[in-house]
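Comments concern the structure below.
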Amino acid sequence: MAGAITTFPTKVATPRRATAESPLVKAILLTVVLVFFTLFLVLPLVVIFREAFSRGLPFFLKTFEDRATLHSIQLTLITAAIAVPLNTLFGVLAAWAVTRFNFRGRSLLISLIDLPLWVSPVIGGLIYVLVFGRQGWLGPWLSEHNIKIIFALPGIVMATTFVTFPFVARGLIPLMQAQGHKEEEAAMTLGANGWQIFWKVTVPKIKWGLLYGIILCNARAMGEFGAVSVVSGHIRNQTNTIPLHIEILYNEYPNTGAFVLASLLSVLALVTLLIKTYAEWQAERQLKAAASDPS
Amino acid sequence: MSITIKNISKKFGTFAALKNADFVVEGGELVALLGPSGSGKTTLLRIIAGLEFADEGKIFFGDRDVTQQSAYQRKAGFVFQHYALFQHLNVFENVAFGLRVRKKNRPSEAQIRQRVEELLGAVQLRDFARRMPSQLSGGQRQRVAFARALAIEPEVLLLDEPFGALDAKVRKELRQWLRQFHDTTHLTSLFVTHDQDEAFEVADRVVIIDKGQVQQIGTPAEVRESPANEFVEEFLDVRPVHA
Amino acid sequence: MAVRKHILPGFRFTLGYTLFYLSIIVLIPFSALFLKTFTGGWEHFFKAVTDPRVVSSYYVSFGIAFIAAVVNGFFGVLAAWVLARYNFPGRRILDAIVDLPFALPTAVAGIALTTIYAPNGWIGEWFTYQGWIGQHFHPDSPLGGLLAGQEWFKNNFLGPKGIKIAYTQIGVFIALTFIGLPFVVRTVQPVIQDLAVDVEEAAATLGANRWQTFWRVIFPAILPSVLTGVMLAYGRAVGEFGSVVFISGNLPFKTEITPLLIIMKLDQYDYAGGAALGFVMLLGSFVILLISNGLQAWDQKRRGLA
């Protein structure tokens, strides 16, 4: 490390390891990343909470007395209460199918599960309008029988379900793949049936990944904007979810109630990230414990 | 109870893992399945347990044809190479698992407790009942795996490289323990190993397998004195130099 | 009797349910999209997708998204490196917050970014004629005088108070950068973590300095994952709606994005037109997906994972 010593002749500190950058480079990289993160991640969060409380706590609380606001919260909760359990069931079964068995078309199926992540959310709404909308496939039949799907709760639920169905499955698939299925096989040789294997062996192994998947699915369901915009029709007190109501409040009276509601969803997002971090830490620990072999 | 392996063949894609394996493990015998890695011995053991299914052939436990039965119906005691203990359950619950998942005539809580404690005593782990698997040494884990497999009162015991992951000293101790255990219970047992010392020291008979085919079956003395073919001769000659 | 193939139970049930669910929620609605696209006939389809206003929205949705993805590629690699290799107080928090754009509702991000970059916002202010950056663009200053003569600059970026960020293509770029940020970091980070340090040590013993080691050893090793991450970020940004519509101002021929035009067509009950635009977007996304899948396969093959 002669180079390092001649560069910093006054320092007697231990020479830098060959696989580390110089402290100066390190400091520059760290600064650039911190500035980038501050601009793009921290600042938006700060703005949301600042604006939400800029008129004090009384105003913050008063936002929730508005009937349209309360209705939007109620609608969002109902939507999530339907979409999240459906997608949880789907996610668990799909993850079991693709990680426990080998079959033709398996990788195609995995790509299909990812579909909502690479198509525009607006398309997620569009497809349902094309089926159920006034001039869609089933439109005439539906209006004849007086069934409302588009511009009503069923359409909102469907669009939300579509946009959020990958999250539980995607959280579980890599985890279950990494864990393998030795323990499930052991349970089988001990006489456990499929149901018992699932509840007594698999669920304890995947519970943190599963929890994160559900929480993320929930956060996305409550926050979905694009797909729901298309099918909702923006009818106040009827088909406005929280994000749609945020849009209306923002356009009508900027910098007020919109941010109060936004801060609510931001807390949800932060809790989601917290659980993710914890779940990852748990999963890592589990894998390490399973791999450790102090014989 | 005897294990009959009848004409078992298995392919993975185009690779023939097993070709017409055909032999019988008599009731009460302790047999070693010996062969180099990749010879198909573990595949055969997994087929017997119902963890893999053969393309052709049949498996009998005694007179019972188990070929189409799932692993959880066969109830062969199986000891995994890397133990496969349930990481989220403590030692006691790992051993009790097979009793708790029983649908028909599940034992009472008191019976389960008694049975598990008995087994933990037998494997000298009575004081470790509340430990989690991650807090045990390799040898201790392996003994938990034994106790767990025995808890369901299996008619046959199948062991996949049971000592493979352990260090030399522990391996020797467990070997002797297995032999003693077998001498007292006479539970029909088949174990897979790539270590001929282990096979010869513990087993009543040895089945030597290579490239998916059984090369020779016999007592350790028979196999050593009159190798059936060139492969066996060579395989036995190249004795690994180790403690 | 048929030979049994699957060891663990539940194959038929789990796969059956998965396919059933996907058919209802994905396949049937998407077949409606394909059929509806062409119900108006080729002519209508062609007219809908080549309308000048629509074409200019492609430049925004596909073009600006690409620039944002490339910028994310650069900063994403830096962030992944710092998070994977350096130990500093707050690293865990920084690591957790990377996923914020993934968890934060897009509409919330949209109004937050707009507030920051509007002329009276914390950063937007800097670009007004009173701001420390914007003052250099005042028509009386040398640079501002030069640019004030440029039509494209005046049309796109100048407002009464100075340079505009929100309600211009720069604003769209900022929103799309935000939305794509996690993808590069999360794709590259595990690859950097898996890099064997001994290879770097080998390079050092052979006389390579840190910079050479980076360019000749590390960079080639992470390049496939960087490109994959960029394509994932691009794919996400192309279809983005919520965060963009607030900050873009939705000016036709300038900042209007294709998804917004789909919604406008639907509002006018032009289902075939909306479907046609949806079809084009889907096609674009599909190409991006194919490229990123190809890159992923290449990456895994090189790392010996497949």
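Which chain is which? They are A, B and C, in the order written, and residues in each are numbered from 1.
The working rule: contacts are C-beta pairs under 8 Å (C-beta built on N, C-alpha and C of every residue); 3 or more make two chains touch, one makes a residue touch a chain.
All of these numbers come straight from a predicted model, not from anything done at the bench.
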Interface with more contacting C-beta pairs, comparing A-C to B-C:
A-C
Measuring centre to centre with C-alpha atoms, which chain is farthest from subunit C?
B
So, in whole Å, the Cα centroid of subunit A is separated from that of subunit B by 45
Distance between subunit A and subunit C based on Cα centroids, please, to the nearest Å.
17
Nearest whole angstrom, what separates the Cα centre of subunit B from the Cα centre of subunit C?
54
For subunit A, residue numbers touching 2 or more other chains are 185, 188, 193
I need the residues of subunit C touching at least two other chains; which ones are they?
7, 9
Which subunit B residues reach two or more other chains?
50-51, 70-71
Using the touch definition from the top, list the residues of subunit A that touch subunit B in their complex.
182-183, 185-193, 196, 200-201, 204-205, 286, 289-290, 292-295
Help me check something: in the complex, which residues belonging to subunit C touch subunit B?
1, 3-5, 7, 9
List the residues on subunit B that touch subunit C in their complex, please.
50-55, 68, 70-71
Which stretch or stretches of subunit A touch subunit C in the complex?
3, 18-22, 25-26, 29-30, 32-34, 36-37, 39-45, 47-48, 51, 89-90, 93-94, 96-98, 100-101, 103, 109, 111-113, 115, 117-123, 126-131, 133-137, 158, 161-162, 165, 181, 184-185, 188, 193-194, 197-198, 216, 219-220, 222-226, 229-230, 243-244, 246-247, 250, 255, 258-259, 262, 265-266, 268-270, 272-274, 276-277
Footprint of subunit A on subunit B - complex, ascending:
49-51, 70-72, 74-78, 80, 82, 84-89, 97-98, 100-103, 133-134, 137-139, 141, 148-149, 151-152, 165-167, 170
